[in-house]
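You will see two complexes here that share subunit A, one where it goes with subunit B and one where it goes with subunit C.
Let's look at the complex of A and B:
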(Lines of atoms letter the chains of each structure in order from A and count residues from 1; the text may use other names and numbers.)
(Lines give C-alpha, C1' and ligand atoms only; values in the text may rest on other atoms or scores of the structure.)
Protein backbone atom coordinates (compact mmCIF):
# COMPACT_ATOMS: atom_id res chain seq x y z
CA UNK A 1 0.00 0.00 0.00
CA UNK A 2 1.32 3.45 -0.86
CA UNK A 3 2.26 5.61 2.10
CA UNK A 4 1.78 8.81 0.11
CA UNK A 5 -1.31 10.62 1.43
CA UNK A 6 -2.90 13.95 0.68
CA UNK A 7 -2.17 16.80 3.04
CA UNK A 8 -5.87 16.84 4.07
CA UNK A 9 -5.73 13.15 5.01
CA UNK A 10 -2.60 13.69 7.12
CA UNK A 11 -4.09 16.80 8.70
CA UNK A 12 -7.31 14.99 9.73
CA UNK A 13 -5.35 12.08 11.20
CA UNK A 14 -2.99 14.42 13.01
CA UNK A 15 -6.06 16.29 14.30
CA UNK A 16 -7.54 13.05 15.65
CA UNK A 17 -4.24 12.20 17.37
CA UNK A 18 -4.34 15.64 18.99
CA UNK A 19 -7.95 15.02 20.10
CA UNK A 20 -6.88 11.73 21.69
CA UNK A 21 -4.04 13.44 23.56
CA UNK A 22 -6.39 16.23 24.67
CA UNK A 23 -8.83 13.61 25.96
CA UNK A 24 -6.02 11.92 27.92
CA UNK A 25 -5.03 15.29 29.37
CA UNK A 26 -8.58 15.75 30.67
CA UNK A 27 -8.10 12.84 33.10
CA UNK A 28 -7.56 13.75 36.73
CA UNK A 29 -3.85 14.24 37.46
CA UNK A 30 -2.52 13.83 33.91
CA UNK A 31 -0.02 16.62 33.23
CA UNK A 32 1.45 15.59 29.86
CA UNK A 33 0.53 13.30 26.99
CA UNK A 34 3.00 12.82 24.15
CA UNK A 35 3.71 10.75 21.06
CA UNK A 36 7.39 9.97 20.60
CA UNK A 37 8.96 8.52 17.46
CA UNK A 38 11.54 5.73 17.28
CA UNK A 39 14.39 8.27 17.40
CA UNK A 40 13.09 9.71 20.67
CA UNK A 41 11.69 12.86 19.07
CA UNK A 42 8.36 14.19 20.32
CA UNK A 43 5.93 14.44 17.39
CA UNK A 44 2.76 15.45 19.29
CA UNK A 45 2.47 16.77 22.83
CA UNK A 46 -0.11 18.30 25.17
CA UNK A 47 1.16 19.44 28.54
CA UNK A 48 0.37 21.80 31.34
CA UNK A 49 3.90 22.27 32.64
CA UNK A 50 7.28 23.05 31.10
CA UNK A 51 9.04 19.86 30.12
CA UNK A 52 12.25 19.29 28.18
CA UNK A 53 10.74 17.41 25.24
CA UNK A 54 14.13 16.17 23.99
CA UNK A 55 14.93 14.67 27.39
CA UNK A 56 11.43 13.20 27.69
CA UNK A 57 11.61 11.61 24.24
CA UNK A 58 15.05 10.14 24.75
CA UNK A 59 14.28 8.77 28.22
CA UNK A 60 10.99 7.22 27.05
CA UNK A 61 12.77 5.23 24.36
CA UNK A 62 15.58 4.20 26.75
CA UNK A 63 13.20 3.09 29.53
CA UNK A 64 10.90 1.21 27.18
CA UNK A 65 13.87 -0.39 25.42
CA UNK A 66 15.22 -1.62 28.76
CA UNK A 67 11.78 -2.92 29.82
CA UNK A 68 11.36 -4.73 26.50
CA UNK A 69 14.72 -6.42 26.97
CA UNK A 70 13.80 -7.42 30.51
CA UNK A 71 10.49 -8.88 29.26
CA UNK A 72 12.30 -10.93 26.63
CA UNK A 73 14.91 -12.14 29.16
CA UNK A 74 12.20 -13.63 31.39
CA UNK A 75 10.27 -15.10 28.46
CA UNK A 76 7.39 -12.60 28.53
CA UNK A 77 7.80 -11.75 24.84
CA UNK A 78 6.61 -8.18 24.17
CA UNK A 79 6.26 -5.36 26.70
CA UNK A 80 2.79 -3.81 26.32
CA UNK A 81 3.07 -1.10 28.91
CA UNK A 82 5.62 0.31 31.34
CA UNK A 83 4.51 2.13 34.49
CA UNK A 84 7.14 4.12 36.42
CA UNK A 85 5.96 4.91 39.94
CA UNK A 86 7.84 7.98 41.14
CA UNK A 87 7.76 10.02 44.34
CA UNK A 88 5.67 12.75 42.72
CA UNK A 89 3.66 10.76 40.20
CA UNK A 90 3.61 8.17 37.45
CA UNK A 91 4.94 7.85 33.92
CA UNK A 92 3.07 5.39 31.71
CA UNK A 93 4.53 4.25 28.40
CA UNK A 94 2.95 2.13 25.69
CA UNK A 95 4.10 1.27 22.18
CA UNK A 96 1.88 2.41 19.31
CA UNK A 97 3.25 1.39 15.91
CA UNK A 98 6.53 1.46 13.98
CA UNK A 99 8.54 2.49 17.06
CA UNK A 100 6.17 5.31 18.03
CA UNK A 101 5.31 5.45 21.74
CA UNK A 102 2.58 7.06 23.81
CA UNK A 103 3.82 8.59 27.06
CA UNK A 104 1.66 9.94 29.88
CA UNK A 105 2.97 11.91 32.83
CA UNK A 106 0.73 12.20 35.90
CA UNK A 107 0.74 13.69 39.36
CA UNK A 108 0.57 11.44 42.42
CA UNK A 109 -3.17 12.19 42.77
CA UNK A 110 -3.99 10.56 39.43
CA UNK A 111 -6.19 7.47 39.64
CA UNK A 112 -3.82 4.89 38.22
CA UNK A 113 -6.58 2.49 37.16
CA UNK A 114 -8.42 5.29 35.36
CA UNK A 115 -5.31 6.40 33.46
CA UNK A 116 -4.25 2.84 32.68
CA UNK A 117 -7.76 1.91 31.49
CA UNK A 118 -7.86 4.91 29.16
CA UNK A 119 -4.35 4.13 27.89
CA UNK A 120 -5.21 0.48 27.22
CA UNK A 121 -8.38 1.42 25.36
CA UNK A 122 -6.67 4.18 23.39
CA UNK A 123 -3.69 2.20 22.09
CA UNK A 124 -5.64 0.02 19.57
CA UNK A 125 -7.21 3.17 18.09
CA UNK A 126 -3.84 4.92 17.87
CA UNK A 127 -2.36 1.84 16.21
CA UNK A 128 -5.03 1.96 13.50
CA UNK A 129 -4.51 5.69 13.02
CA UNK A 130 -0.76 5.24 12.70
CA UNK A 131 -1.08 2.33 10.27
CA UNK A 132 -3.08 4.66 8.01
CA UNK A 133 -0.96 7.68 8.78
CA UNK A 134 2.55 6.30 8.13
CA UNK B 1 -36.86 -1.76 40.68
CA UNK B 2 -35.06 0.21 43.38
CA UNK B 3 -32.70 3.14 42.88
CA UNK B 4 -29.36 1.30 42.84
CA UNK B 5 -30.66 -1.45 40.56
CA UNK B 6 -31.83 1.14 38.04
CA UNK B 7 -28.41 2.86 38.22
CA UNK B 8 -26.66 -0.47 37.64
CA UNK B 9 -28.92 -1.19 34.68
CA UNK B 10 -27.90 2.13 33.13
CA UNK B 11 -24.23 1.25 33.68
CA UNK B 12 -24.69 -2.17 32.06
CA UNK B 13 -26.29 -0.49 29.05
CA UNK B 14 -23.50 2.08 28.75
CA UNK B 15 -20.85 -0.66 29.11
CA UNK B 16 -22.60 -2.64 26.38
CA UNK B 17 -22.82 0.42 24.12
CA UNK B 18 -19.09 1.02 24.58
CA UNK B 19 -18.29 -2.63 23.93
CA UNK B 20 -20.34 -2.50 20.70
CA UNK B 21 -18.60 0.69 19.58
CA UNK B 22 -15.26 -1.11 19.89
CA UNK B 23 -16.45 -3.97 17.69
CA UNK B 24 -17.51 -1.73 14.81
CA UNK B 25 -15.73 -2.48 11.55
CA UNK B 26 -15.07 -0.20 8.62
CA UNK B 27 -12.57 2.18 7.11
CA UNK B 28 -13.76 5.33 8.81
CA UNK B 29 -11.20 5.19 11.59
CA UNK B 30 -11.63 8.87 12.49
CA UNK B 31 -15.35 8.51 13.20
CA UNK B 32 -14.91 5.20 15.02
CA UNK B 33 -12.13 6.70 17.14
CA UNK B 34 -14.30 9.65 18.14
CA UNK B 35 -17.39 7.51 18.79
CA UNK B 36 -15.42 5.02 20.89
CA UNK B 37 -13.96 7.85 22.96
CA UNK B 38 -17.41 9.36 23.44
CA UNK B 39 -19.00 6.05 24.53
CA UNK B 40 -16.11 5.34 26.89
CA UNK B 41 -16.39 8.81 28.44
CA UNK B 42 -20.16 8.37 28.91
CA UNK B 43 -19.62 5.03 30.63
CA UNK B 44 -16.79 6.17 32.90
CA UNK B 45 -18.51 9.43 33.83
CA UNK B 46 -21.64 7.46 34.78
CA UNK B 47 -19.49 5.16 36.96
CA UNK B 48 -17.89 8.18 38.65
CA UNK B 49 -21.31 9.79 39.19
CA UNK B 50 -22.70 6.61 40.76
CA UNK B 51 -19.66 6.25 43.02
CA UNK B 52 -20.19 9.84 44.18
CA UNK B 53 -23.89 9.22 44.87
CA UNK B 54 -23.66 5.86 46.62
CA UNK B 55 -21.58 7.38 49.41
CA UNK B 56 -24.67 9.39 50.44
CA UNK B 57 -26.57 6.19 51.29
CA UNK B 58 -27.05 5.41 54.97
CA UNK B 59 -24.24 3.29 56.39
CA UNK B 60 -22.02 3.34 53.29
CA UNK B 61 -18.49 4.35 54.27
CA UNK B 62 -16.75 4.05 50.89
CA UNK B 63 -17.48 3.29 47.28
CA UNK B 64 -14.67 2.58 44.80
CA UNK B 65 -14.46 1.44 41.21
CA UNK B 66 -11.52 -0.61 39.96
CA UNK B 67 -10.18 -1.78 36.64
CA UNK B 68 -8.00 -4.89 36.88
CA UNK B 69 -7.33 -4.14 40.55
CA UNK B 70 -6.29 -0.52 40.05
CA UNK B 71 -8.35 2.38 41.36
CA UNK B 72 -10.54 4.14 38.79
CA UNK B 73 -13.00 6.16 40.88
CA UNK B 74 -13.46 6.63 44.61
CA UNK B 75 -15.54 8.31 47.27
CA UNK B 76 -15.52 8.04 51.04
CA UNK B 77 -12.65 6.64 53.07
CA UNK B 78 -10.93 3.33 52.37
CA UNK B 79 -8.15 2.23 54.75
CA UNK B 80 -5.91 0.95 51.92
CA UNK B 81 -7.14 1.55 48.39
CA UNK B 82 -4.43 -0.55 46.68
CA UNK B 83 -4.85 -3.51 49.04
CA UNK B 84 -8.62 -3.46 48.54
CA UNK B 85 -8.11 -3.40 44.78
CA UNK B 86 -5.83 -6.43 44.93
CA UNK B 87 -8.24 -8.28 47.22
CA UNK B 88 -11.36 -7.73 45.12
CA UNK B 89 -9.47 -8.63 41.96
CA UNK B 90 -8.45 -11.92 43.55
CA UNK B 91 -11.97 -12.51 44.91
CA UNK B 92 -13.52 -12.00 41.48
CA UNK B 93 -10.90 -14.26 39.88
CA UNK B 94 -11.63 -17.07 42.33
CA UNK B 95 -15.40 -16.62 41.95
CA UNK B 96 -15.02 -16.80 38.18
CA UNK B 97 -13.28 -20.16 38.56
CA UNK B 98 -16.32 -21.44 40.46
CA UNK B 99 -18.64 -19.99 37.84
CA UNK B 100 -18.04 -22.88 35.43
CA UNK B 101 -17.91 -25.65 38.04
CA UNK B 102 -21.13 -24.59 39.82
CA UNK B 103 -23.01 -23.31 36.74
CA UNK B 104 -23.53 -19.94 38.41
CA UNK B 105 -23.52 -17.94 35.21
CA UNK B 106 -21.50 -14.77 34.87
CA UNK B 107 -20.43 -13.48 38.29
CA UNK B 108 -22.37 -10.30 39.11
CA UNK B 109 -21.97 -9.81 42.85
CA UNK B 110 -19.83 -11.02 45.72
CA UNK B 111 -20.42 -10.03 49.34
CA UNK B 112 -17.71 -10.48 51.95
CA UNK B 113 -18.95 -10.06 55.51
CA UNK B 114 -16.40 -9.55 58.27
CA UNK B 115 -16.91 -9.25 62.02
CA UNK B 116 -16.91 -5.43 61.72
CA UNK B 117 -17.46 -4.39 58.11
CA UNK B 118 -18.69 -5.88 54.89
CA UNK B 119 -17.89 -5.32 51.22
CA UNK B 120 -20.22 -5.73 48.27
CA UNK B 121 -18.35 -6.33 45.00
CA UNK B 122 -20.30 -5.79 41.78
CA UNK B 123 -18.93 -6.36 38.28
CA UNK B 124 -19.98 -3.88 35.58
CA UNK B 125 -18.48 -4.57 32.15
CA UNK B 126 -14.71 -4.34 32.50
CA UNK B 127 -14.96 -2.64 35.92
CA UNK B 128 -15.61 -3.70 39.49
CA UNK B 129 -17.62 -1.59 41.92
CA UNK B 130 -16.95 -2.00 45.60
CA UNK B 131 -19.23 -0.73 48.39
CA UNK B 132 -18.03 -0.77 51.99
CA UNK B 133 -20.25 -0.49 55.06
CA UNK B 134 -20.47 -1.66 58.68
CA UNK B 135 -21.57 -5.28 59.01
CA UNK B 136 -25.04 -4.37 60.37
CA UNK B 137 -25.96 -2.14 57.40
CA UNK B 138 -28.82 -3.42 55.28
CA UNK B 139 -27.35 -2.43 51.93
CA UNK B 140 -30.44 -3.43 49.94
CA UNK B 141 -32.49 -1.00 52.03
CA UNK B 142 -29.85 1.75 52.07
CA UNK B 143 -29.46 1.65 48.30
CA UNK B 144 -33.16 1.34 47.55
CA UNK B 145 -33.53 5.10 47.16
CA UNK B 146 -31.21 8.01 46.47
CA UNK B 147 -30.36 10.08 49.52
CA UNK B 148 -28.39 12.88 47.83
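Let's look at the complex of A and C:
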Protein backbone atom coordinates (compact mmCIF):
# COMPACT_ATOMS: atom_id res chain seq x y z
CA UNK A 1 0.00 0.00 0.00
CA UNK A 2 1.14 3.50 -0.75
CA UNK A 3 0.83 4.63 2.84
CA UNK A 4 3.59 2.30 3.97
CA UNK A 5 5.82 3.60 1.18
CA UNK A 6 5.15 7.11 2.36
CA UNK A 7 6.49 6.45 5.83
CA UNK A 8 9.61 4.75 4.45
CA UNK A 9 9.92 7.44 1.84
CA UNK A 10 9.75 10.21 4.41
CA UNK A 11 12.40 8.57 6.55
CA UNK A 12 14.78 8.02 3.65
CA UNK A 13 14.45 11.56 2.29
CA UNK A 14 14.04 13.44 5.55
CA UNK A 15 17.53 14.91 5.44
CA UNK A 16 17.07 16.38 1.98
CA UNK A 17 13.62 17.73 2.76
CA UNK A 18 14.80 19.26 6.02
CA UNK A 19 17.64 20.93 4.17
CA UNK A 20 15.20 22.42 1.63
CA UNK A 21 12.89 23.70 4.36
CA UNK A 22 15.85 25.15 6.25
CA UNK A 23 16.88 27.07 3.13
CA UNK A 24 13.38 28.47 2.77
CA UNK A 25 13.41 29.50 6.44
CA UNK A 26 16.55 31.54 5.77
CA UNK A 27 14.56 33.89 3.53
CA UNK A 28 13.75 37.23 5.14
CA UNK A 29 10.43 37.13 6.99
CA UNK A 30 9.72 33.40 6.55
CA UNK A 31 8.56 32.03 9.92
CA UNK A 32 7.45 28.50 8.99
CA UNK A 33 7.97 26.03 6.16
CA UNK A 34 6.08 22.76 6.10
CA UNK A 35 5.30 19.72 3.98
CA UNK A 36 1.75 18.41 4.34
CA UNK A 37 0.44 15.10 3.01
CA UNK A 38 -2.87 14.47 1.30
CA UNK A 39 -4.65 13.69 4.58
CA UNK A 40 -3.53 17.01 6.06
CA UNK A 41 -0.74 15.57 8.21
CA UNK A 42 2.31 17.78 8.60
CA UNK A 43 5.16 15.43 7.73
CA UNK A 44 8.00 17.97 8.02
CA UNK A 45 8.08 21.42 9.54
CA UNK A 46 10.55 24.13 10.47
CA UNK A 47 9.07 27.04 12.40
CA UNK A 48 9.83 30.01 14.60
CA UNK A 49 6.60 29.81 16.59
CA UNK A 50 4.25 27.27 18.14
CA UNK A 51 1.49 26.07 15.87
CA UNK A 52 -1.22 23.43 16.00
CA UNK A 53 0.17 21.26 13.20
CA UNK A 54 -2.98 19.13 12.87
CA UNK A 55 -5.16 22.19 12.32
CA UNK A 56 -2.60 23.82 10.03
CA UNK A 57 -2.24 20.71 7.89
CA UNK A 58 -5.98 20.21 7.46
CA UNK A 59 -6.47 23.94 6.70
CA UNK A 60 -3.78 23.86 4.02
CA UNK A 61 -5.44 21.00 2.18
CA UNK A 62 -8.90 22.52 2.57
CA UNK A 63 -7.87 25.98 1.37
CA UNK A 64 -5.90 24.65 -1.57
CA UNK A 65 -8.71 22.26 -2.48
CA UNK A 66 -11.26 25.10 -2.45
CA UNK A 67 -8.97 27.35 -4.49
CA UNK A 68 -8.41 24.58 -7.04
CA UNK A 69 -12.16 24.12 -7.38
CA UNK A 70 -12.66 27.87 -7.84
CA UNK A 71 -9.93 27.92 -10.51
CA UNK A 72 -11.67 25.17 -12.42
CA UNK A 73 -15.06 26.92 -12.11
CA UNK A 74 -13.66 29.95 -13.95
CA UNK A 75 -11.78 27.89 -16.53
CA UNK A 76 -8.30 28.53 -15.13
CA UNK A 77 -7.39 24.84 -15.16
CA UNK A 78 -4.97 23.84 -12.37
CA UNK A 79 -4.11 25.96 -9.35
CA UNK A 80 -0.33 26.29 -9.06
CA UNK A 81 -0.13 28.39 -5.92
CA UNK A 82 -2.39 29.98 -3.32
CA UNK A 83 -1.35 33.15 -1.50
CA UNK A 84 -3.30 34.25 1.59
CA UNK A 85 -2.66 37.90 2.43
CA UNK A 86 -3.34 38.37 6.12
CA UNK A 87 -3.15 41.28 8.55
CA UNK A 88 0.07 39.96 10.04
CA UNK A 89 1.65 38.22 7.07
CA UNK A 90 1.25 35.81 4.20
CA UNK A 91 0.67 32.10 3.75
CA UNK A 92 1.80 30.57 0.47
CA UNK A 93 0.74 27.10 -0.61
CA UNK A 94 1.89 25.05 -3.57
CA UNK A 95 1.31 21.43 -4.58
CA UNK A 96 4.34 19.17 -4.74
CA UNK A 97 3.38 15.68 -5.87
CA UNK A 98 0.98 12.89 -4.92
CA UNK A 99 -1.18 15.23 -2.83
CA UNK A 100 1.73 16.61 -0.82
CA UNK A 101 1.83 20.39 -0.36
CA UNK A 102 4.48 22.92 0.53
CA UNK A 103 3.32 25.71 2.85
CA UNK A 104 5.26 28.83 3.78
CA UNK A 105 4.25 31.30 6.50
CA UNK A 106 5.78 34.76 6.50
CA UNK A 107 5.69 37.99 8.43
CA UNK A 108 4.10 41.00 6.81
CA UNK A 109 7.53 42.49 6.18
CA UNK A 110 8.65 39.54 4.04
CA UNK A 111 9.46 40.27 0.43
CA UNK A 112 6.54 38.49 -1.15
CA UNK A 113 8.03 38.46 -4.65
CA UNK A 114 11.25 36.89 -3.38
CA UNK A 115 9.44 34.28 -1.33
CA UNK A 116 7.14 33.47 -4.22
CA UNK A 117 10.12 33.12 -6.58
CA UNK A 118 11.96 30.80 -4.19
CA UNK A 119 8.81 28.75 -3.69
CA UNK A 120 8.45 28.27 -7.44
CA UNK A 121 12.13 27.34 -7.73
CA UNK A 122 11.82 24.83 -4.89
CA UNK A 123 8.79 22.93 -6.15
CA UNK A 124 10.59 21.11 -9.02
CA UNK A 125 13.31 20.04 -6.60
CA UNK A 126 10.76 18.63 -4.20
CA UNK A 127 8.86 17.01 -7.05
CA UNK A 128 11.95 15.01 -7.96
CA UNK A 129 12.13 13.72 -4.39
CA UNK A 130 8.44 12.90 -4.24
CA UNK A 131 7.88 11.48 -7.71
CA UNK A 132 8.92 7.98 -6.61
CA UNK A 133 5.97 8.03 -4.22
CA UNK A 134 3.46 7.80 -7.08
CA UNK B 1 -17.81 38.24 17.23
CA UNK B 2 -15.08 38.18 19.86
CA UNK B 3 -12.51 35.38 19.65
CA UNK B 4 -13.65 33.97 23.00
CA UNK B 5 -17.25 33.53 21.90
CA UNK B 6 -18.08 29.99 20.97
CA UNK B 7 -19.90 29.41 17.71
CA UNK B 8 -23.26 27.64 17.65
CA UNK B 9 -21.59 24.54 16.19
CA UNK B 10 -19.07 24.55 19.05
CA UNK B 11 -21.90 24.85 21.59
CA UNK B 12 -23.72 21.90 19.98
CA UNK B 13 -20.47 19.92 19.84
CA UNK B 14 -19.87 20.47 23.55
CA UNK B 15 -23.37 19.30 24.43
CA UNK B 16 -23.03 16.18 22.27
CA UNK B 17 -19.59 15.28 23.65
CA UNK B 18 -20.75 15.92 27.23
CA UNK B 19 -23.69 13.60 26.64
CA UNK B 20 -21.40 10.87 25.28
CA UNK B 21 -18.99 11.28 28.20
CA UNK B 22 -21.88 10.98 30.64
CA UNK B 23 -23.07 7.82 28.90
CA UNK B 24 -26.44 9.36 28.18
CA UNK B 25 -27.99 7.63 25.23
CA UNK B 26 -31.51 8.91 25.73
CA UNK B 27 -32.17 12.19 23.95
CA UNK B 28 -34.61 14.91 24.99
CA UNK B 29 -37.30 15.87 22.47
CA UNK B 30 -37.12 12.38 20.96
CA UNK B 31 -39.70 10.73 23.19
CA UNK B 32 -41.47 8.85 20.40
CA UNK B 33 -38.64 8.24 17.95
CA UNK B 34 -35.91 7.50 20.47
CA UNK B 35 -32.14 7.96 20.14
CA UNK B 36 -31.45 5.66 17.18
CA UNK B 37 -31.54 6.58 13.50
CA UNK B 38 -31.29 4.36 10.41
CA UNK B 39 -27.68 3.72 9.42
CA UNK B 40 -28.43 5.00 5.93
CA UNK B 41 -29.26 8.42 7.42
CA UNK B 42 -25.87 8.49 9.14
CA UNK B 43 -24.28 7.46 5.84
CA UNK B 44 -26.05 10.29 4.04
CA UNK B 45 -24.45 12.72 6.48
CA UNK B 46 -21.07 10.99 6.27
CA UNK B 47 -20.76 10.09 2.58
CA UNK B 48 -22.98 12.75 1.03
CA UNK B 49 -22.94 15.84 3.26
CA UNK B 50 -19.37 15.26 4.50
CA UNK B 51 -18.35 13.32 1.43
CA UNK B 52 -19.41 14.08 -2.10
CA UNK B 53 -20.87 17.51 -1.27
CA UNK B 54 -17.71 18.61 0.52
CA UNK B 55 -15.68 17.13 -2.33
CA UNK B 56 -17.65 19.34 -4.75
CA UNK B 57 -16.36 22.38 -2.86
CA UNK B 58 -12.92 21.26 -1.71
CA UNK B 59 -11.84 18.67 -4.25
CA UNK B 60 -8.78 16.86 -2.94
CA UNK B 61 -9.06 18.83 0.31
CA UNK B 62 -12.15 16.85 1.32
CA UNK B 63 -10.36 13.81 2.83
CA UNK B 64 -8.24 16.11 5.01
CA UNK B 65 -11.35 17.80 6.38
CA UNK B 66 -13.07 14.47 7.02
CA UNK B 67 -9.92 13.01 8.63
CA UNK B 68 -9.56 16.09 10.83
CA UNK B 69 -13.22 15.82 11.89
CA UNK B 70 -12.78 12.18 12.80
CA UNK B 71 -9.63 13.00 14.73
CA UNK B 72 -11.63 15.47 16.84
CA UNK B 73 -14.16 12.79 17.73
CA UNK B 74 -11.35 10.30 18.41
CA UNK B 75 -9.70 12.69 20.82
CA UNK B 76 -13.02 13.27 22.61
CA UNK B 77 -13.61 9.52 22.92
CA UNK B 78 -9.97 9.05 23.92
CA UNK B 79 -10.28 11.54 26.76
CA UNK B 80 -13.23 9.58 28.14
CA UNK B 81 -11.33 6.30 28.01
CA UNK B 82 -7.92 7.52 29.11
CA UNK B 83 -9.23 8.68 32.48
CA UNK B 84 -10.34 5.12 33.24
CA UNK B 85 -7.38 3.27 31.74
CA UNK B 86 -4.59 3.92 34.27
CA UNK B 87 -2.07 4.28 31.46
CA UNK B 88 -2.63 0.65 30.48
CA UNK B 89 -2.94 0.20 26.70
CA UNK B 90 -5.02 -2.99 26.97
CA UNK B 91 -7.50 -1.38 29.34
CA UNK B 92 -7.60 1.69 27.12
CA UNK B 93 -8.33 -0.32 23.97
CA UNK B 94 -10.96 -2.25 25.91
CA UNK B 95 -12.72 0.99 26.83
CA UNK B 96 -12.51 2.14 23.22
CA UNK B 97 -14.02 -1.13 21.99
CA UNK B 98 -16.86 -0.69 24.47
CA UNK B 99 -17.53 2.94 23.51
CA UNK B 100 -17.43 2.22 19.78
CA UNK B 101 -19.88 -0.62 20.24
CA UNK B 102 -22.21 1.54 22.37
CA UNK B 103 -22.13 4.29 19.76
CA UNK B 104 -22.51 1.70 16.94
CA UNK B 105 -19.41 3.11 15.24
CA UNK B 106 -18.18 -0.43 14.64
CA UNK B 107 -16.64 -3.45 16.31
CA UNK B 108 -13.08 -2.43 17.07
CA UNK B 109 -10.56 -5.28 17.27
CA UNK B 110 -6.82 -4.77 17.79
CA UNK B 111 -4.97 -6.70 15.08
CA UNK B 112 -1.42 -5.67 15.90
CA UNK B 113 0.18 -3.62 18.64
CA UNK B 114 3.93 -3.30 18.16
CA UNK B 115 4.99 -0.43 20.38
CA UNK B 116 8.69 -1.02 19.73
CA UNK B 117 8.06 -0.39 16.04
CA UNK B 118 5.54 2.33 16.86
CA UNK B 119 2.80 0.64 14.85
CA UNK B 120 -0.75 -0.29 15.80
CA UNK B 121 -3.39 -1.82 13.57
CA UNK B 122 -7.04 -1.72 14.57
CA UNK B 123 -9.76 -3.51 12.67
CA UNK B 124 -13.20 -1.95 12.48
CA UNK B 125 -15.79 -4.59 11.66
CA UNK B 126 -19.30 -3.49 10.68
CA UNK B 127 -17.99 0.02 10.07
CA UNK B 128 -20.85 2.50 10.32
CA UNK B 129 -19.63 4.59 7.39
CA UNK B 130 -19.10 2.00 4.67
CA UNK B 131 -21.38 -0.90 5.62
CA UNK B 132 -23.44 -1.72 2.55
CA UNK B 133 -21.22 0.36 0.26
CA UNK B 134 -19.44 -1.48 -2.56
CA UNK B 135 -17.16 -1.15 -5.55
CA UNK B 136 -15.19 1.93 -4.58
CA UNK B 137 -11.64 2.16 -5.89
CA UNK B 138 -9.86 3.10 -2.66
CA UNK B 139 -10.56 3.11 1.09
CA UNK B 140 -13.11 5.81 1.93
CA UNK B 141 -13.34 5.75 5.73
CA UNK B 142 -11.18 8.82 6.31
CA UNK B 143 -13.40 9.76 9.23
CA UNK B 144 -12.74 6.46 10.99
CA UNK B 145 -9.03 6.65 10.20
CA UNK B 146 -8.93 10.11 11.76
CA UNK B 147 -10.96 8.88 14.72
CA UNK B 148 -8.60 5.97 15.39
CA UNK B 149 -5.66 8.32 14.94
CA UNK B 150 -7.18 10.72 17.49
CA UNK B 151 -7.77 7.87 19.93
CA UNK B 152 -4.16 6.66 19.70
CA UNK B 153 -2.80 10.20 19.77
CA UNK B 154 -4.67 10.91 23.00
CA UNK B 155 -3.23 7.87 24.77
CA UNK B 156 0.39 8.33 23.71
CA UNK B 157 0.43 12.13 23.56
CA UNK B 158 2.29 11.89 20.26
CA UNK B 159 1.50 12.83 16.70
CA UNK B 160 0.36 9.90 14.63
CA UNK B 161 -0.31 8.97 11.04
CA UNK B 162 -3.44 6.87 10.64
CA UNK B 163 -4.22 5.28 7.30
CA UNK B 164 -6.99 2.95 6.26
CA UNK B 165 -5.23 0.04 4.55
CA UNK B 166 -8.26 -2.20 4.08
CA UNK B 167 -11.85 -1.11 3.54
CA UNK B 168 -15.10 -3.02 3.40
CA UNK B 169 -16.27 -0.75 0.56
CA UNK B 170 -13.31 -1.90 -1.55
CA UNK B 171 -14.25 -5.52 -0.89
CA UNK B 172 -12.02 -6.31 2.07
CA UNK B 173 -14.89 -7.44 4.37
CA UNK B 174 -13.54 -5.21 7.13
CA UNK B 175 -11.79 -1.88 7.64
CA UNK B 176 -8.21 -1.94 8.88
CA UNK B 177 -6.54 1.17 10.16
CA UNK B 178 -2.78 1.32 10.59
CA UNK B 179 -1.45 3.92 13.00
CA UNK B 180 2.21 4.96 12.95
CA UNK B 181 3.48 6.83 15.99
CA UNK B 182 5.62 9.70 14.74
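We adopt the following convention: the second predicted complex is superposed on the first by the 119 of 134 C-alpha atoms of A that agree within 3 Å, B and C clash if a C-alpha of one lies under 4 Å from a C-alpha of the other, contacts with A are read in each partner's own complex, and residues count from 1 in each chain.
Keep in mind that, in the parts below, a contact is a pair of C-beta atoms (placed from the backbone, for glycine too) under 8 Å apart; a residue touches a chain by one contact, two chains touch by 3 or more.
No experiment lies behind these values; they were computed from the predicted model shown.
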item: Fit or clash - subunit C, subunit B, common subunit A; value: fit
item: Touched partner set for A:63, first subunit B, second subunit C, both or neither; value: second
item: Contact breadth on subunit A, by residue count: subunit C or subunit B; value: C
item: Touched partner set for A:55, first subunit B, second subunit C, both or neither; value: second
item: Touching partner for A:16 - first (subunit B), second (subunit C), both, neither; value: first
item: First, second, both or neither for A:31, with subunit B first and subunit C second; value: neither
item: Partner chain(s) touched by A:113 [first = subunit B, second = subunit C, both, neither]; value: first
item: Superposed arrangement (fit on chain A Cα atoms) - minimum subunit B/subunit C Cα distance in Å; value: 24
item: Subunit B and subunit C contact sites that coincide on subunit A, given as residue numbers; value: none
item: Interface residues, subunit A side, partner subunit C - complex; value: 1, 3-4, 7, 37-41, 53-55, 57-58, 60-66, 68-69, 99
item: Subunit C residues within the subunit A interface of the complex; value: 56-65, 67-68, 71, 142, 145-146, 159, 161, 163, 165, 178, 180
item: Residues of subunit A touching subunit B in the complex; value: 12-13, 16, 19-20, 23, 111-114, 116-118, 121, 125, 128-129, 132
item: Residues of subunit B defined as touching subunit A within the complex; value: 22, 29-30, 32-34, 36-37, 40-41, 44, 65-74, 85, 126
